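In this document, chain identifiers A, B, C, D, E and F correspond to the written order of the chains, with residue numbering beginning at 1 in each.
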Amino acid sequence: MADIFSLAAGNLISPIILSFVLGVAAALARSDLTIPEAVAKGMSIYLLFAIGFKGGVGVAAHGVDAKLVGTLVAAGVLSFGLPFIAFGLLGFMTKLTTLDKAAVAAHYGSISIVTFVAATSVLETQGLVAEGYMVAAAAVMEAPAILSALWIVARKGGGASATKGLYREILLNGSIVLLVGSFFIGAITGQDGLNQIAPFIVAPFQGVLCLFLLDMGLVAGRGLRDSRGEVGGGAIAFGLLMPLVGSAFGLMAALAIGLSPGGAALLMTLSASASYIAVPAAMRVALPEAKPSIYLTLSLGVTFPFNLTVGIPLYTAISTTLAGG
Amino acid sequence: MQRHKAKRVEIIIEAALLSRLTDSLQSADVSGYTVLPVKGGSGRSGPWTRDGQISRGSGMFAVICLIRPERLDGLLEAAFEVVEKHIGVVSITDTEILRAERF
Amino acid sequence: MQRHKAKRVEIIIEAALLSRLTDSLQSADVSGYTVLPVKGGSGRSGPWTRDGQISRGSGMFAVICLIRPERLDGLLEAAFEVVEKHIGVVSITDTEILRAERF
Amino acid sequence: MQRHKAKRVEIIIEAALLSRLTDSLQSADVSGYTVLPVKGGSGRSGPWTRDGQISRGSGMFAVICLIRPERLDGLLEAAFEVVEKHIGVVSITDTEILRAERF
Amino acid sequence: MADIFSLAAGNLISPIILSFVLGVAAALARSDLTIPEAVAKGMSIYLLFAIGFKGGVGVAAHGVDAKLVGTLVAAGVLSFGLPFIAFGLLGFMTKLTTLDKAAVAAHYGSISIVTFVAATSVLETQGLVAEGYMVAAAAVMEAPAILSALWIVARKGGGASATKGLYREILLNGSIVLLVGSFFIGAITGQDGLNQIAPFIVAPFQGVLCLFLLDMGLVAGRGLRDSRGEVGGGAIAFGLLMPLVGSAFGLMAALAIGLSPGGAALLMTLSASASYIAVPAAMRVALPEAKPSIYLTLSLGVTFPFNLTVGIPLYTAISTTLAGG
Amino acid sequence: MADIFSLAAGNLISPIILSFVLGVAAALARSDLTIPEAVAKGMSIYLLFAIGFKGGVGVAAHGVDAKLVGTLVAAGVLSFGLPFIAFGLLGFMTKLTTLDKAAVAAHYGSISIVTFVAATSVLETQGLVAEGYMVAAAAVMEAPAILSALWIVARKGGGASATKGLYREILLNGSIVLLVGSFFIGAITGQDGLNQIAPFIVAPFQGVLCLFLLDMGLVAGRGLRDSRGEVGGGAIAFGLLMPLVGSAFGLMAALAIGLSPGGAALLMTLSASASYIAVPAAMRVALPEAKPSIYLTLSLGVTFPFNLTVGIPLYTAISTTLAGG
């Protein structure tokens, strides 16, 4: 336990976390500090490209093994399954409408790629190596949760509009295509390819992540400021509990598959994290009556900071203890 | 210069629905429109600005259609199909256009 | 589709004053507006473009308000309080809106 | 507040011609206009979006001129000189302005 | 020949090419992946600045010699002359109008700076050094082709509008000014200057090029998707043949001047490549009735990918064989 | 003196200065070269973050001493005081209205962070180390000058509108928050934090500064082009004299505090520089009748280039002579 706390403290005073904190503080103080939308999108493209590429190079180096298939299957099952658990928990803990509960559940089944990126960079600073294909697991987990949520709404008689093209759109959304595409580029070009572009995608990575998290902090802080009162105590408690529940399922899957400690920490992080890019966009189309102020506040304002500060070091400590050598 | 009566329809709509709106316009045979970026705004769901959005699907756009008066109803029906349940405002203004053969 | 008479007010205003304008609108109970980015323009103080600005507070924005006719005067007074001494133009156009219950 | 009748001219024009249009307006003594960025659109030459353009000269802009009614014809002639052979649409709407001494 | 193929294969699985392929694939699959316009412009400014600067440093290091003047003159002649050859070929191979033929011809006399950049980075990975002033040759070749096209149209009685200011605009367009300007900065500050900013313009260069080519792929793919049917088989054949014809003229000039193998490969690449930034903008002003869907599809959708994948390794192989030591 | 000139010459042919010159030249030649607004803002965020962070690391390394407090107090006094001197000088040298004089004075009491950044990079290339907390001094000097200007106007019976929220806005403007925030992040994470992100904020710093100064040159050049005639000879003379006056006060303060030569050069630079971001925005709100064409032309078109080319090497030379070891 002492380890966990020192790890958490070490994590908390990293430039990455403090940049996020700066962003939140600036937003709460109503500073006019903003990062232009185009620059923020540019940074997210950079991060997705880098993380995908490095994952692919990892697979090229260590080869494909049986665990890979197991991991991808587990990822799909987790993303399909977690929304049901989230929906159930929300029923106990909140008085939200069915639509709102389903929309929130979709977010927690899916993943936050920035949380994943932050976790990989914590692993790196600790010298832990994870399986390269964890990136592929992240891509697999983006979409299935949306289907589960729509299925829940359909069963409960809610008005999910199965608009044509929605599924195609989800599967082909920019983040997934870029992540999977750069994963394959990395896998094909391998270490040679990485050597060519390492000064771009490896060396400055942590620094870009700082600025990106500064922006995330600004956005999360503004969200918190504007939505005060709309999200009740029960919902906030859910936003803190659900990542722990999700990570427990992720841990079980990781132990069953036999992932390395680093890989287990990443699968826990993926299961614990909640989407705030792909799923909100899908919800606006499929469940327009569900309130963005609820699902965005929970995933971005509560769960994201929780994972960033407490969650990731906790998952890492647990996985190195249980899955560790 | 010869001017012709027309309608200017301005639709302010969520980004996530933009392609659905333009598809719907196209299938109602409305093939002329211009999309302007929106930096921010406010309405019943409170104020927002684009720089405070991280989500790709987020933000709004303003779609402007210039159309002959007799084709207005078709356009509004097509637009309304998409806008209906969502955030979005629609306004219609009398205007005049040059080069009516284009519309 | 049922349409209702309304006014479309378009205010082109300096960036440094945008938050003052929207605050003033809010306090006059005008909670619906849309802000468009402006790329450049020209007026008595000469031409400018946004790419040629380094200052954060620089540039201009266009604010569009759709409002019921009877509420126009309140809006104009609130806007004018801010615009008065500064650069900025205000135009008012007759328009029609759908879903009037929103305005 | 005293309002004055005016015209609102909206010209949607290719980026490559923007400086020609504003030069032409200036030489017709129209020194007040505002340029809005256009994100995308569709017309006879099909749909496009700005993010899908690599060319600097590409894309379109919307130019808005508020002008006294009696000066409209001069403006339209100046604009038409540039727009004529090119892609672009022009619409003219009746509007009202505050602070007419500026126009 | 075996060499050429292995070279081509090696080139094809580089991160740069695969990023372009990813972009094309994403666009054809109608993914919503996009790179914001401002970021794309930012990257192109970076690439122009870096390539110009490094060229200038090269000239500062190796000194100005008689070949430099010869190269710049040859570049001008090629850019003036190639449109006439292109116009002639188009007459044989297509049924385009005079205006469209002239507009297309202008594109092929001018150059694509990204193709040039991609070629320099292929040379680098092969350890070939080119004359630094090839960048200046690239700048020289941007504009003359436009004059040739307007002259063709004027002679054929077409309605080229010699709008005032067009020539000034072409010569002072941003790309040329930045390329030439940074060339002079590099030439003046030399190796010292390069040392100061090398971690910015040298180390991450290939990585930025990847993301830029991803964007080019997206744009090219969308162009191809939207223009299906508008461009006939003859025109496409022209788009594949003309780079070979152009590169042959470039090769002859390079041999006549006595350029190094690297320099010869770059002059071939310049002659083979077609503009899609400066010339289209000029055509919209000068020949507005010429159809952008034709000239953009050919230069960006056909010739650019051809040069990137097949052309550059071919020109490099030929030039190392013929101009080689 | 010979030293100063060779230093100035060495400074003048650095990539940074030449990039600025290129920008000015391109603007005066009416080239369409532009850097997108979002990219320029992104670069300024990068520069502020990097300079703040490095300053904080410097303080963490060398510890807080009595000089720090002295420096911050001196910075505040300089920013409060210089506007009165500027206002007086403007009275002698120009026929501007009281409002315009006060607005210009506010600019010269405040600072230009890019001038500061350029000075730090000149110091670096000369191997001079400055106190890390000079960044904090820069932050302190941003705002007080505005209060002095408003006070002058109020006394002279001008119509300064003490609009509510203005002071909060000035103190919480994005630049200050980012600079101070990243300063604290650097101070907290120290050398460890710097090691993590050095490949992002140290290595490419000079290169980014080049592109940023290219943009500044474009903006300054356009400003000069458009405002020809509006700003008289007296005002221009003020724009050249005031930085010398300001730097003299900065030097006295530095000597009194006992700053290192590097620190003294930076305090001189801060005192000599004029704001063109924070103060103009505040003036538009508080003194809307003051003419931007006057204060922007002076601070950005006259004083900024003067400091960049002549001022910084001069201040460095003087401070190494007088404050030097």
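The working rule: a contact is a pair of C-beta atoms (placed from the backbone, for glycine too) under 8 Å apart; a residue touches a chain by one contact, two chains touch by 3 or more.
The structure displayed is predicted, hence computed values, not measured ones.
Chemist: When you check each chain against chain A and chain E, which touch both of them?
Modeler: Shared contacts of chain A and chain E: F.
Chemist: Taking CA centroids for every chain, report which one is farthest away from chain C.
Modeler: Relative to chain C, the chain with the farthest C-alpha centre is E.
Chemist: Same or different interface residues for chain E and chain F, judged by whether over half of the residue numbers are used by both?
Modeler: different
Chemist: Which chain has its C-alpha centroid farthest away from the centroid of chain D?
Modeler: Centre of mass proxy via C-alpha means gives A as farthest from chain D.
Chemist: So, what's the distance in Å between the C-alpha centres of chain C and chain B?
Modeler: For chain B versus chain C, the centre distance works out to 19 Å.
Chemist: From the C-alpha centre of chain A to that of chain D, how far is it in Å?
Modeler: Spacing between the chain centres: roughly 45 Å.
Chemist: Cα centroid separation between chain D and chain E, in whole Å?
Modeler: The mean C-alpha positions of chain D and chain E differ by 34 Å.
Chemist: State, to the nearest whole Å, the distance from the C-alpha centre of chain D to the C-alpha centre of chain F.
Modeler: So the centroids are 39 Å from each other.
Chemist: Residue numbers in chain F touching 2 or more other chains?
Modeler: 32, 34-39, 41-42, 173-174, 199, 203-204
Chemist: Which chain C residues reach two or more other chains?
Modeler: 36-37, 47, 49, 56, 93-94
Chemist: What pairs of chains are touching here?
Modeler: A-B, A-E, A-F, B-C, B-D, C-D, C-F, D-E, E-F
Chemist: Quick one: which bits of chain E touch chain A in the complex? Just the residue numbers, please.
Modeler: Residue positions touching the partner: 13-15, 18-19, 22, 25-26, 29-39, 42, 125, 199, 203-208, 210-211, 214.
Chemist: Where on chain B is chain C touching in the complex?
Modeler: 10, 12, 36-44, 47, 49, 60, 62, 73, 76-77, 80, 89-94
Chemist: Which residues of chain A touch chain E once you look at their complex with the stated criterion?
Modeler: Of all residues in chain A, those touching chain E are 36-39, 41-42, 45-46, 49, 53, 168-169, 172-174, 177-178, 181-182, 184-185, 188-189, 193, 196-197, 199-201, 203-204.
Chemist: Which of the residues in chain A end up touching chain B in this complex?
Modeler: The contact residues of chain A facing chain B are 34-37, 40-41, 44, 161, 163, 165, 173-175, 215-216, 218-219, 222-223, 226, 276-278, 280-282, 284-285, 288-289, 292-293, 300.
Chemist: For chain C, which residues count as touching chain B in their complex?
Modeler: 1, 3, 6, 8, 22, 26, 31-37, 61, 64, 66, 93-99, 102
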